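Across the two complexes that follow, chain A remains constant while its partner is chain B and subsequently chain C.
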Partner chain A sequence: MKKSGALPYAKITGVLAAGAGVLLLLPLAGLDAFLLNVLTLGFFVAVFAGSWDIVGGVAGQISLGHALFFGAATYACALLTSLAGWPFPLAAAAALLFSAAAGAAVGALSAPLKGPFVALLTLALGEAAHEFVLGQTFFSPRGAYSWGGEGGIPVLLRSQPLSPWTAYYAALAFLVLSTWLMLRVARSQEGLIWTALSGSELSARASGVDILKHKRRAFLVGAALAGAAGIGFAACVGRATADDFSLELSFQAATFAAVGGRGTIVGPVLAALVLHSLLQGTGIPPAGRVLLYALALLVTLRFFPGGVAGTLRERARRRRMVVQGNGEVR
Partner chain B sequence: MSPLAQVLVDGIFTGASYALMAAGLALILGVVKVVNLSHGAFFTLGAYVAYVLEAKGVVHPVAAVFMAAGIAFAFGVYLGKSFINPVRSHPFAVAVGSLGFAVLFEQVAQMLWGPHPLSIDLGAPWATFHGVTLRRWGVISFLLSLGLTAGLSLLLSGPWGLPLKLIAEDEEIARSVGMDVEKIRYLTFGAASAVGAAAGALLAPAAAITPTMGRVPLILSLIVVIASGMENMWTLFFLAVGLGLLSNLGAYLLTPSWSYVLLLAVICLLLVLRPSGLATVAPGRDY
Partner chain C sequence: MSDLLLAEGITKSFGTNRVLRGVTLAVGRGEVVGLFGPNGSGKTTLANIVSGLVLPDRGRVLFEGKDVTRMTMDARFRTGISRTFQIPDPYPSLTVVESVRVALLCGQPARPAEQEERAGREEGLDSLLVRTGLFAQRYWPAAKLSQGCLRRLEFARAISCRPRLVLLDEVFSALSAKDEAELVALMRSLHREEGISFLLISHNPLILEELCDRVVAIEDGRVFWEGKPGDLARYVPAANHAHGHEDEMREEG
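Coming up: the complex of A and B.
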């Protein structure tokens, strides 16, 4: 948030700071355990939305299968801790590597594709993974019941369960850290190349950029971050289910990004935090929630087809021009 | 022998209706020039219309087709005019938005009819040859699909298809000779949606009717359209029948969910092997 101009969020640094203050204060202000838990999970969902924005917003690769990376991490965590008996930190590290590898694989497959075909391929890969996981059952080592599918697999932490307070602050720290990291990445040399790619692949290639390599990298980074969010989410919920792979989850990520402003990182993160907390905290049934997400998305897309941030930036530019040139546009 | 023969016959029958659905998708791809991910929702809509009619005592494919097509045409025109047309030039808005409509419809269907699979009871079989059962609905739906696909292909090659072909070829010229391109676009979108819903109504008894049932035919028709393009209706038809057979065989030899995975694998393979995709949806500007 140092340099102004490039991102509209430079002007709302103060607001962001105030928001962070409110989030830090909330548990002390006597928030009940349910809402605390909703917000804790919301922080992970927010990072997931931000990780979508790395791939879909900054790099412009429309991904409709982002839940694949999230689910890969939660499932790896659950299987390694419950079935293989690994300690949680080791399993988390392996899960992170696994989701990053999944990202590299998807990136390698989708890199030569353009526009809507990236969306189709990621949609198909995500659906295939979901369908595959839905049909897999594992016999639990203890007791004669089976794990997997809709019921899910437990994630064993093997330590004292964290108090809701500790979990909340840990998740908040994770959110702030990841958002900072994603902003750094988006403004680095690499991020600049991704932005160029999403603007026009042709001109990026003409200026000597190896577009395939950079597309693969965008998927790798986005997938690793989605995996990190998945690990935290699974640790908090204590369970990995087939829903972690679902199309609805991928769709939610795209919705948060569209509503918050694609390519801005902070926008999707905030949109995810606000929408998730509002809809989960008020106890609307899951079907109604997805319905409201879809409605929010469609309204946003209809009126800001080029993205919220882009449209607002354009408007701000117009207004500036009106002031500078004596009341005339352009 | 006879269970396999039954699976093959059913596969051909369902494939014919999938061809109808794919024809609709190809029409949208060619004329509106978008990859429409909400096409599966119209299929589901058609199936639910057939179910509701059956529950009310009207068990006839023709009635179900006309009812479903009428409703879907109305919604399709609305969707085409108020959403797809204004956001057409933004690939993100089209892909995510049309998926958003599908998700929206899935949730509404779940609220109206519940998440549990419903089915249509067709009564006694119509005829039996060597252990292969033919049902009246199946035969009529096969003939109807065949007829509608043939009709569509005839219509497109006749004078009515000319504006559509011109828009698919070069919309600037179409506009310059005084065609209302936007109007033709949303009418095409409505008609194609109606065709998709008709396929859903025809296939309703062949599948479990659930809110997410439209995903399989959507993937299947996407494969058909990507592989065959939209020039020739009959390539499209035979490809759809082939895929219908494949998916039915997959469901019979493995499980129904594996046949979906099989189709998804086919589309992934197709996209990876043909990265340039379709010429019809890759307009002059690059994404």
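Coming up: the complex of A and C.
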């Protein structure tokens, strides 16, 4: 079965295998603990960007509140381990379910809406959640500390802290597995239906597609993946903070997707990995980072209107059309 | 109930604009009914109500004797009413094959033997594309298709899931002579061989005369005239007839 919307499989797999190989060897090349940590967190941010792309790229529901799902998972993890005293794996499973449920709820609310209204609604919901957690204070079991607000809540692993190496390789494995999973989803029948309804809701409805149901599903899957990234991130940082819900995080995901190529999964994942590592690793102050994100966005939209991977995909398709069709590329 | 479709007493206003004022329209099994009328007469609104895109203010729509008035458009597609749009709105990034596959995936109620059927469906997809003249362009993204191919794609999508009633909204207008002749032949063979009923919306009396068993003319939101296509010329005043055709040619030019 041919799926022409995508780059040839072999090429993608080759590029990804090469990338993963480099990342596998990188720690052996004598990276210091700081850079190792930047990359480790970058892997989770990359999965987060990919999860945005499931909703905003493949299914075309531009979400500006995607951090809500990330934060829901980190907070659930933190509250369940620190306050309720759950073991981490159990808390992580619950957090995953919680973020998926949040996705289902947001999806149900936004499914009847279109285009900019989806963006506005998700923006409002994300910001509401952000403000809400900022205003919450929790007390540790014996009342010794107050948690919450900007400072956040610790995530207790209740085990030896992971060595930076172990964390790095675990995060890398998570990245590879999640990217493979997201590609599978994007190329599945469900992914085809999402691409269709993102292209034309009218034609999709006239083809028997229950668009509300499929939009809800896209949100659920994207939110669960964002939650998984959040759980890993929180476990590495050891803390859930209100920043996990921030608008900046949602915007970052959208920016990574636009730069990498919306709807390609691999593009946003790689863009997130590269941009995050460059900007965090070089110690540029936050204000400068925002400017550089904007700059990256401007440059891509000027030279690669479909994002880097999107533009490459378009070129590959044109070549194939010339070969398969009558050569009448218009 | 001998009618396949019965839209009864349909009334619809948009704001203060009363578009349909109690229209009743029936399509029999295996019948080709033409819906004729000038621009703004309410043809497309009636098609939207029959296909489930728009809800009527009053009146009801029966399909095979079942009330489908409040059924959504996608559910109606699954029960056997499909349609094309006057202005095709394709999925730009999907290829022709993928576009039709979406309808095949969602357009039929899930059956238990689905796994076995899938192979058959893919074969059916190829022959559908051959039939609609899209086989050579099957891997083209819809964004790159010509107007004629887009109409063919609309047609292929509409007939992909064995509908019993197909609404064709101005599907033959602004097409090259070759595209028009091929689509007309396709429609005839679907009608003859598979017994599909058609509701054909057009403001071109020549097409309706050629293809329909019966023509319903609406004007100003009411059924104005109903009869054999051969008598259409009598209903349409000669001057109008010629005038209407001039308009057509201007559009095409």
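By definition in this document, the second predicted complex is superposed on the first by the 283 of 330 C-alpha atoms of A that agree within 3 Å, B and C clash if a C-alpha of one lies under 4 Å from a C-alpha of the other, contacts with A are read in each partner's own complex, and residues count from 1 in each chain.
We take it that a contact is a pair of C-beta atoms (placed from the backbone, for glycine too) under 8 Å apart; a residue touches a chain by one contact, two chains touch by 3 or more.
Keep in mind it's a predicted model, so treat the numbers as computed, not measured.
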First (chain B), second (chain C), both or neither touched by A:Ala128: first
Partner chain in contact with A:Ser200 - chain B first, chain C second, else both or neither: both
When both partners are placed on the shared chain, which of chain B and chain C touches more of chain A: B
Partner chain in contact with A:Arg315 - chain B first, chain C second, else both or neither: neither
Partner chain in contact with A:Ile211 - chain B first, chain C second, else both or neither: second
Shared contact residues on chain A - chain B and chain C: 200, 202
Chain A to chain B touching residues, read off their complex: 56, 60, 62, 64, 109, 112-117, 119-121, 123-125, 127-128, 131-132, 134-135, 200-202, 247-248, 251, 254-255, 258, 262, 287-288, 290-291, 293-295, 297-298, 301-302, 305-307
Chain A - residues contacting chain C, complex: 1-5, 189, 192-193, 195-196, 198-200, 202-211, 263, 317, 320-321, 324-326, 329-330
Of chain B, residues touching chain A in the complex: 34-35, 37, 82-83, 86-87, 89-97, 99-101, 103-104, 107-108, 110-111, 215, 219, 222, 255, 257-258, 260-261, 264-265, 267-268, 271-272, 275, 277, 281-282, 286-287
Interfacial residue positions of chain C with respect to chain A in the complex: 51, 53, 72-75, 77-78, 82-83, 85, 88-95, 97-99, 101-103, 105-108, 122, 136-137, 139-142, 144, 146, 157-158, 160-161
